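Two complexes are shown next, each including chain A; its partner changes from chain B in the first to chain C in the second.
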Partner chain A sequence: MLPLIIKRIAYALVIIAGIAFVVSAMTKLVPGDPVDVMAAGNPGMTEADKARLRTQLGLDRPMLDQYVSYLGNALRGDLGTSLRQRVPAAQLILERLPATAELTLWSMVLALSVATPIGIVTALRRDSPIDTAGTVVAVVGVSTPSFLLGVLLILLFSVQLGWLPASGYKGSVIAAIPKAIVDGRFDLLWQKVRYFLLPSVSLAFGLMAVNARLIRSAMIETIRQDYVQFARAKGVPPRTVVLKHAFRNAIIPVITMVGLQLGNLLSGAIVAETVFAWPGIGRLSVQAITTRDYPLVQATVLITAVLFVGMNLIIDLLYQIIDPRMRHG
Partner chain B sequence: MADSTLSQIAATAPTESVHNVARNQFLKALRRSPKGLAGLLLIGMILIGAAAAPALAPYDPAQQVLGWRFLPPVWATGGGWDHILGGDNLGRDIFSRIVVGARTSLAVAIIVVALAATIGSLLGAVAGYAGGIVDNLIMRLVDFLLAFPFLLLALMIMAILGPGFWTMVLALSIALWVNYARVVRGEALRIEQMEFVEAARSIGVPGWRIVLGHVLPNVIPSVLVLATLEVALVIIAEAALSFLGLGVQPPTPSWGKMISEGRDFLYDAPWMVLGPGLVILMTSVGINLFGDFLRDFVDPRAER
Partner chain C sequence: MSTPLLQVHDLRVEYASPRGLVRAVAGVSLSLDRNRILGLVGESGCGKSTVGQALLGLIQPPGRIAGGDIRFENRSLVGLPEREMRRLRGNRLSMIFQDPTATLNPVMTIGDQIAELFRWHRPRMRRKEVQTRVTELLERVGIVDADRRSRAYPHELSGGMRQRVVIACALALDPALIVADEPTTALDVTVQAQILDLIRGLQAEHGTAVILVSHDLGVIAETCDDVAVMYAGRIVESGPTAEVLARPRHPYTAGLIASRPSITAPDQVVRPIPGTVPDLANPPVGCPFHPRCVRAVAGCREGIPALSPTREEPRHAVACPLAA
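Right after this comes the complex of A and B.
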């Protein structure tokens, strides 16, 4: 098993090196003079600024040379300086990373915790009205873009009903949980949760639909297996058969999908963060692209892609541990 | 997908009667499927709307009339049938903009899917058939592109090339061809083992002719299903990119752009997002329903 893990890690590192290459070469691919393009998006740059930028971005050096210095700087934590905000890009990203991480985390938790019961029930009551309703929800879920759902949720819950804030972020929920439990300040916790509700629901809805379908078909598949039939035949209570024998095996293919779905979440977060004025990396990268702030674009793309690869690697490794068949395979 | 109806038929000699049998089977299955029919109906409505846009749109989508600013839609007080979906912040007729905007969405979706499917299928078939180093090169490139979240990849390409219709088409095509390459490669590996390919090879048919003549025709069913479902994905992605201000530029109307404009007026004019939002939903629900039906038809063994 150990060689396999090393192989996976090595492969992930190769991919990350490739990502860094594409990102470092990005400025060279801009049609025309990238520095002029950036100057147009970020007024107030002098000729001296431009010359410095040219050297900084390595535009005057061959591609490989540029790549080596970019990678070296990145490894030391230097991801360049934002043209617009004139602060290190790494600092901007670090400030915004927690908001994105927590938003995607809660969206995934929400999607899985709603999808699991729906998936199990629709699998057990196949072709019943509940199952049909599940199919309809699944199609609508897959078809609804998160930014549209976000706007519609704001329209209903903020504009019409006035229950929840339309946008903004008031700090981490996870950080507020201990205080809520120790001091009983659940009101403070709720103040933060309120801001999370609409963005995470709009991100989670599509995933919820997909996962409910995945869990359903995996359940149908496992229920048919001999060992489940046998457990049932020997008189194991139906609840135990479903939850212990069938579900635990049905969840395995779903876990592999979770890694890929993180990509969907990160994609969705780019737009959803813009809808909800969420101070995360997604919104930061959109702002960077619209203002042609290339060093910041490079940094956000690099970090998001590296995070995605890293999380997939972790899930891949977890999968080897969870599924005993993979251990000996 | 070994015994799917379409690929079986495609594998035998393509005579007139065989095509008829396939068509009849398809129509029979469609008639029995509420999913397929509902999807087709929704797609048909959007297609007709887009095709007949100049005749259907009551006004010029770019025409700004002061008196039409924030004009309520027909269901709200003060609205009228003249402007069914109301007017926007610049005094433009929303219905006309939606109908004309359908052309943008469909044009992007059709061009992107056609490009991605052609390039992806070809590379996938070559990878699967050739194997070895060619396969390795193509599939490592696929793996690499898959290491980016889909929208991030498109955004990065658009950051390099700048916003606009064609850069969006290019960005989405580059982000999407990998899916076809993966599906087709898998199919190609399977088909390559089959006896009729073996036979072709043994009588000296060159590799490129086997790929074009035997492998590709047999993967068409799976590619069609994927392409149908991805039309919905591209329409959503186009709307998202235009929503972010990176897609088609004004004055061309686009559904995503309309929603982002309406977002600033949710309190005063919620209809500015309701109209385009509803149409995006209708389109993607329609395509997904039809795509689901198509998948069931092509691969009856797949779990429904």
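Right after this comes the complex of A and C.
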């Protein structure tokens, strides 16, 4: 198993090096060059300023040269300096990452904890009224854009009922859990959870619908397998047949999809983060783009790509654990 | 004479389908004593596997047992509450499936899949003892290095080995009856013989009764004491295997034998039975075999012939008035 892990990590590194190349080449993809684009929004910029900026960004050097130094700097943790905020881009991203990561986590936990029972029950009661209801919810869920749901949730729970805050972030829930348990300060925990509820529900709804459908079809496929019938023939009780024999096999294809979804969420749920003023990666990239903060755009693209690759690597390795047939692959 | 281990009387199994009601088993009666092997033979779709599934109470909607009775160890299994039935499954009655690759759960070790039987049927047995029993069972079905193999996953074993594991599951709790549904069909010919030997050997050793479901007359001839030939959900001929195969009375049985290529007489012409198995949602009127029967007369369209003993050998029964 160990050599396989090393192989996967090596692949991931190659992919990341490729991404870094694309990111460093981004400066070539803009008509003119980034400095011209920045100058367009900055009438006070002189030719001398532009030249200085070009040297600073290394735009006057050959492309390969730029790539090598970009990669070298990135490996040392230097992703350039934000032009607007005058602080290292890496630092800005690190400040924003926890909020996005935690929103991702809770959205997925919420989505899967609803999707799993719905997926299993609708598969077992196929073509029953429950299944039809599940289908309706899924279609609605898949076709509701998260920003629309977000706005509706804000209107109902913040504006009309006044139960939950409309936007903002008051720190990590996970970090508040130990204190809540040790000191009994559940009030402090709730203060943080309140801010998570609406954004994670608006992100989880669509994921819940997709995953419930995915789990349903995977379960329908597995429960007609011989090994499920064989488990019944051995006198195994129905609950165990479904959960241990069928479900463990059914989640294998679902995991791939969940991995991709996690990668997507981690790279910043741009729309949801904007709607709920969530200080995450998504909003940071929007800000970087609108302010033409070139190094910051590059840094956010590189980091979200690395997160995506990392997520897929984790899923790959998870496969080896869940599916013994993959261990020799 | 004591009561037989298993008595099936007029068993009927139906499936609701979009094309109408499919009578997969349309009144099957049979009886089986301890220490005997009964072969159920017939073409695909004749209902032979369905009979096996019905015995273990494994008929699932849209199918249902529509009538008849199954008496096993002096109790009726039809209408038995699911909880009670579950206590018998794997314990007093067990099953060997056709394709060992599909029968074993790919994400569980084979040891765990055998141990599961002890877990549910012998909940007081200690973990350590279960492990010992699993190893013993694997050795009994001819798996070497059993202790280590019990930690293997199904994909790490060959097809024949997997079927041995399935047999180990079927034997684990020393059941009174094993239903073996085409246990060798998915295996190589050389492995087939080994598996049949194994089943026969273990059966003789434990006095277990076996119902061997197969479409292969060769397998039946080699293994079974008695045989029941099924056609369109009914038994059309039954009796001691040697007698039935040597002197088939029903035209269908004769047809099955004639359509088997022979190795010893390769020049002999294989004569397949013309036509195809009838649509069980819409079976022919009268004897279900008459549209394909070479000896059919006008009377064959009227009434379904009952299985009745032949004059020469009372244990040999046939459902054809022309043959009795």
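We take it that the second predicted complex is superposed on the first by the 300 of 329 C-alpha atoms of A that agree within 3 Å, B and C clash if a C-alpha of one lies under 4 Å from a C-alpha of the other, contacts with A are read in each partner's own complex, and residues count from 1 in each chain.
By definition in this document, a residue touches a chain if its C-beta (ideal position, glycine included) is under 8 Å from a C-beta of that chain, and two chains touch if they have at least 3 such contacts.
What you see is a predicted model, and the numbers here were worked out from it, not measured in a lab.
K.L.:
Given the superposition on chain A, which partner contacts more residues in chain A: chain B or chain C?
P.N.:
Looking at chain A, the partner in contact with more of its residues is B.
K.L.:
Have a look at where A:L29 lands relative to chain B and chain C in the superposition and call it first, second, both or neither.
P.N.:
It touches chain B, and chain C stays clear.
K.L.:
For A:H245, using the defined touch cut-off, is the partner it touches chain B, chain C, both, or neither? Pick first, second, both or neither.
P.N.:
The second partner, chain C, only.
K.L.:
Based on the superposed arrangement, let me know which partner A:V142 touches: chain B (first), chain C (second), both, or neither?
P.N.:
first
K.L.:
A:Q225 in the overlay: touching chain B, chain C, both, or neither? Say first, second, both or neither.
P.N.:
So A:Q225 only meets chain C here.
K.L.:
Between chain B (first) and chain C (second), which, if any, makes contact with A:A233: first, second, both or neither?
P.N.:
The answer is second: A:A233 touches chain C but not chain B.
K.L.:
Between chain B (first) and chain C (second), which does A:D187 come into contact with in this model arrangement: first, second, both, or neither?
P.N.:
neither
K.L.:
What does chain B use to touch chain A in their complex?
P.N.:
Result: residues 143-144, 147-152, 155-156, 158-162, 232, 236, 239-240, 243-246, 256, 259, 262-263, 266-267, 270, 273-274, 277, 280-281, 284-285, 287-289, 292, 303 of chain B touch chain A.
K.L.:
So in the complex, the part of chain A that touches chain B is made up of which residues?
P.N.:
15, 18-19, 22-23, 26, 29-31, 37, 139-140, 142-145, 147-148, 151-152, 154-155, 158-159, 166, 217, 220-221, 262-264, 266-268, 270-271, 274-275, 285-286, 288-290, 292, 294, 297, 301, 304-305, 308-309
K.L.:
Within the complex, which stretch of chain A touches chain C?
P.N.:
Contact set of chain A toward chain C: 225-227, 229-237, 245, 248-249, 252, 322-325.
K.L.:
Where on chain C is chain A touching in the complex?
P.N.:
Result: residues 56, 58, 86-91, 94-95, 97-99, 102-108, 116-117, 120-121, 153, 155, 166, 169 of chain C touch chain A.
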